[in-house]
Amino acid sequence: MGYTLNFAVVWRNFDRLLEGLALSLGLAVISILIGAAIGLAVAFALISKYRAASWPATAYVTLIRNLPILVLVLFAYFALPQMGVRLDKVESFVAVLAIYSGAYLAEVFRAGLLSIPKGLTEAGLAIGLTPIQIRTTIIAPLMLRNVLPSMSSTIISLFKDTSLAAAIAVPELTFQARKINVESFRVIETWIVASALYVATCALIAALMRRIERRLALPR
Amino acid sequence: ASKLDDVLARGHLVLGTGSTNAPWHFKSADDKLQGFDVDMGRIIAKALFGDPDKIEYVIQSSDARIPNITTDKVDITCQFMTVTGERAQQVAFTIPYYREGVGLMLKGDGQYADYAALKAAGSSVTVSVLQNVYAEDMVHAALPEAKVDQYDSVDLIYQALESGRSDAVATDQSSLAWYMAQNPGRYKDAGYGWNPQTYACGVKRGDPDWLNFVNTALHEAMTGVEFDFYAKSFKTWFGKDLPPPAIGFPVEFK
Amino acid sequence: MSKTILEIEGLRKTYGSLEVLKGIDCAVHEGEVIAIIGSSGSGKTTLLRCINMLEDFEGGTIRLDGEEIGYHAEGSMRRRKSEKDIARQRALTGMAFQQFNLFPHMTAEANVMLGLLKVKRLPKDEARAIALKWLDRVGLGDRAGHFPGQLSGGQQQRVAIARAIAMNPRLMLFDEVTSALDPELVGEVLQVIKGLAADGMTMLLVTHEMRFAYEVASRVIFMNQGVIGEDGNPREMFVAPKTERLADFLKTSSFN
Amino acid sequence: MTPSFLDQLWLARNVILSGLGLTVSISLLAILAGSVLGVLVGLSLTYGNRLIRPIFRVYTDIIRGTPVLVLVLASYYVSSAVGVNLDPFSAGVLALAVFCSSHVGEIVRGGLQAIPKGQTEAAKAIGLTFGQTFAYVLWPQALRQFLPAWVNTAAEMVKASTLLSVIGVAELLLRTQEIISRNFMSLQFYFFAGALYFVVNYGIERFGKYVERKTAVPS
Amino acid sequence: MSKTILEIEGLRKTYGSLEVLKGIDCAVHEGEVIAIIGSSGSGKTTLLRCINMLEDFEGGTIRLDGEEIGYHAEGSMRRRKSEKDIARQRALTGMAFQQFNLFPHMTAEANVMLGLLKVKRLPKDEARAIALKWLDRVGLGDRAGHFPGQLSGGQQQRVAIARAIAMNPRLMLFDEVTSALDPELVGEVLQVIKGLAADGMTMLLVTHEMRFAYEVASRVIFMNQGVIGEDGNPREMFVAPKTERLADFLKTSSFN
């Protein structure tokens, strides 16, 4: 066909893509860390025998997981200020992605919690640990080991969701790629390079997770 | 053979355009594609087949404009494409069919009265713009210190103004005019225009016959036998009556 | 007779509509080793779990060294104690489970140390010294750094016992600690328990090993359908059961 | 404001419905095709030989790491570059199906690997061939195990279908944007669309729970 | 003596560099009940798994009713048979595992029927009749519709045995079928095995229950470090072991 690839424009703007990638990663790391904390608390609430805890947790997870994240992003950025809550664009995106991650990770954690034998809790009780101590020293660390494999793909999805920040003008990788697109019209070239950056980063995340998994693996 | 022959043989034109930007290309309440870009396509269809309706529309996002031309998904794209040298290396632009300038729109009851007030406020002003060629430079040409937020769809730059995320919208004067006409009394023009750019359709490079044909069709709509078509469309979408071209020596050779 | 450690009065426990313990009365004296026997479902496990407050119960009282376990009276009402109080009381009894329930992400040593650090709040060095001492006692001094997954069933069970004993409990509860073990490994664990008995540890042990009950217990309690069917000296009970129930039970069990 | 939103909504009802219909059909097709493909991927990842396994490993890793938008663009343009002229709808569904297959592949692999080895051995011991072992023993157990994850993926496909708007497929999001470009009621219509997506996803979730309950093994 | 069913000659099996079976020779006659004993790691399980071709092996031959299992000679080469042939041969032996390995998504009945339907290709009615007959024989006629999760360990193990027996195998292999069971449930399973022995089923059973081996086996094989250490009549072997190894083994085992 008559189209010849020309990457010159992309290389000229490569540092902008890298800046975007760095921001994407930053957004992902902060949001997912907050999200993991939320998810852990919500997961315990989900399996709680008290409806006052499990019901709101279920509602949160159901609502958030079933909405397109774009709607949440737009809501936080455009509708919240009209209700008096005003976050800047990075803050509001981090808040959304954290809440979104929280819902997904809560489900992941819940599955992990359910797979921990009840006997361990009882053994903890029997030596006089309080329920909180049992959660922090026994259940959470074991659950984390159980869920690491499934967490890896959740985290990759969440990382890719940072691309939605482009919608509210956060200059992350997708935003930068689009900007180069409209400037140069080298759409195909730009996306090839940008997605290579995404793939490489995801591979890195996956490798990192596998490494953590191996590090934490219990000897047998 | 030229695309011109292919199109004629096929019996309809495949036109690439968008569907979410009034008054350029958008959908009517009964789901018909309309707008000034669309009318340019209709002019070409009429020149081809004597029937402006012989068009198959390919809806595309801004990102898809060039690739759809280069991979033959469309015969021609008319989608408020700003002509630049860089782009002209990848597609062949037709003669321009509109000259655009950028304007500033403010909230009717907002903090800033006009362009002078915006400029005086310096870096405390945020301007929302559509992701565009050198969007930042463009805003800074008028408001050197203003913060610039770029969005990828027109409705969001308006939304940013509406929700207080930005203090002014900078975009095509034509779009602003349309928007203000749709929402009378809520917004005002800051009264400053700059940054001229021309809009043209794009076709694949390397087919002089086809380019020449399209150019002819557009040229004759702006200066010749199809002027009424062009003028009517202009009136519909921009609300202005065009003076008929002067009779006598063609203005473009002056 | 020596001091009373544990006093159970009128203990009743139901699961939904099923009454599992129908009024248990029983006193345990310091240094006694009591074997609890009885057929499946008779409530042996439930009894131990109530003593350690792993189950709430509806009626009766359990006193350990005179202090009521799990509940306190508030006017005419009976109130569950706070989780913190209960946790403190649980630390006074040690429990070993059929399924070991070692924490798989901690070494043998860390398993034993956990309670010492978090409940007794001992300094790390002291906790480690105690843990090593007990691991040594159960014959696993050289396995302190192993994870449960690296230990055989018998070894795991011994770590579990060390974990309970290291807390220096007033009373040890054993629930069929050998029945998840291959026959070859049972001996190791029984040896450890015999050693504790010799040290004068007060113990309640649910067991299916009649021979073992006979050898080690100073007293046997036969549970039958939620009540204590017989209670006495193993020599007398096993040789001349007073009730037909016990006679039947001994016949089907693997004693002879 | 409110009454006029309702007016606009009423005016746009057919457009929204057609967008919703397209969204649902894209999602269903992508999920179906993606699942069939994904099962093959999962089988190759689990039982493939030294040659096949790495190929599919690389396939899933690349596809999973690529933004769906890029897959959509690639499927649309690359297909035409190699001479298969796919219309936007087919190209989009293809891209989503491929994306779906990489997720389903991983899920299937996880499900199969979670089945204790004893199951295979017991099946062999009564003389079942590998095919029979798979069909009657492994697959039914894996299915129950990965159902929840599969439902998640299905819901993700619905959300990913929005990206087909880039190549002009008039699904719900593009329809919504078209309406907004006419009446500029962005938030109202975005949230309305959000509510519709919620309904579709929630339906999928309920359906998944229902199947899970139906196929639960008593214990 | 009756017809030879199984002939093992020079069987060798290695895992990596570890030689687990170092040349086993042994013949099994119709109707024999052979208990295989020996300490952990001596290769008992591996032997059974080779007979059922759950493991490939490097040397020697195994013949069932004269037909070589798993391999055939091709010129001077030894070739693994096709999966299909091996599957057919596996159906000739029944195997019950320590961990039961029931299919959790199928009822007891369906577990037993699967092989009848898919391997023997019996019509559904006939398969069901056979399944019910065998479930009845193991005392579970009333549990046919239960899923494994709804059955106790002993009941699950009995279903597993019924599943193997229903295929009408020439030879049954049992690998420590009682050692995952609570002591109380062991009896049920041993009862079933005794019944099969009385019916004249040829059986190889790996067991740690010396008492049981003594009671039910017509012959005992003592495995020691990958070879057959002793082979003979239980009465003679248990009372007067010829080798010191066996004498030691019997001492540590729970027989006496």
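As written, the chain order gives the labels A, B, C, D and E, with residue 1 at the start of each chain.
Assume a residue touches a chain if its C-beta (ideal position, glycine included) is under 8 Å from a C-beta of that chain, and two chains touch if they have at least 3 such contacts.
Heads up on the chains, UniProt names are A = Amino acid ABC transporter permease; C, E = ATP-binding protein; D = ABC transporter permease.
Keep in mind that this is a model prediction, so the values were computed, not measured.
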Along the shortest chain of touching chains, how many steps lie between chain C and chain D? 2
Centroid-based (C-alpha) most distant chain relative to chain C: B
Give the chain pair, either A-D or B-D, that is connected by more C-beta contacts. A-D
If you average the CA coordinates per chain, which chain's centre is most distant from that of chain A? E
Between chain B and chain C, what distance separates the C-alpha centroids? Give it in angstrom. 83
Per the centroid of Cα atoms for each chain, what is the distance between chain A and chain D, given in Å? 19
Find the geometric centre of each of chain C and chain E from their Cα atoms only, then give the gap between the two centres in Å, rounded to an integer. 38
How many angstrom lie between the centres of chain D and chain E, each centre taken as the mean Cα position? 46
Shared interface positions of chain B, touching two or more other chains: 63-64, 67, 71-72, 156, 159
Chain C touches at least 2 other chains through residues none
Two or more other chains touching the same residue: where does that happen in chain A? 1, 3, 74, 78-79, 187-188
Pairwise chain contacts, counting only pairs that touch as defined: A-B, A-C, A-D, B-D, C-E, D-E
Could you please specify the touching residues of chain A with respect to chain D in the complex? 1, 3, 62-63, 65-71, 74-75, 78-79, 107, 111, 149-150, 153, 156-157, 160, 163, 174, 187-188, 191, 194-195, 198-203, 206
Flag every residue of chain A that touches chain B in the complex, lowest number first. 1-3, 9, 74, 77-79, 81-82, 86, 89, 166-169, 175, 178-179, 181-188
Looking at the complex, which residues from chain C come into contact with chain E? 39-40, 176, 179, 182-184, 186-187, 208-209, 254
Touching residues of chain B toward chain D in the complex: what are they? 19-22, 26-29, 31, 58-61, 63-64, 67, 71-73, 153-156, 158-159, 179, 182-183
Sort out for me which residues of chain A touch chain C in the complex. 117, 119-120, 122-131, 133, 137-138, 141-142, 145, 218-220
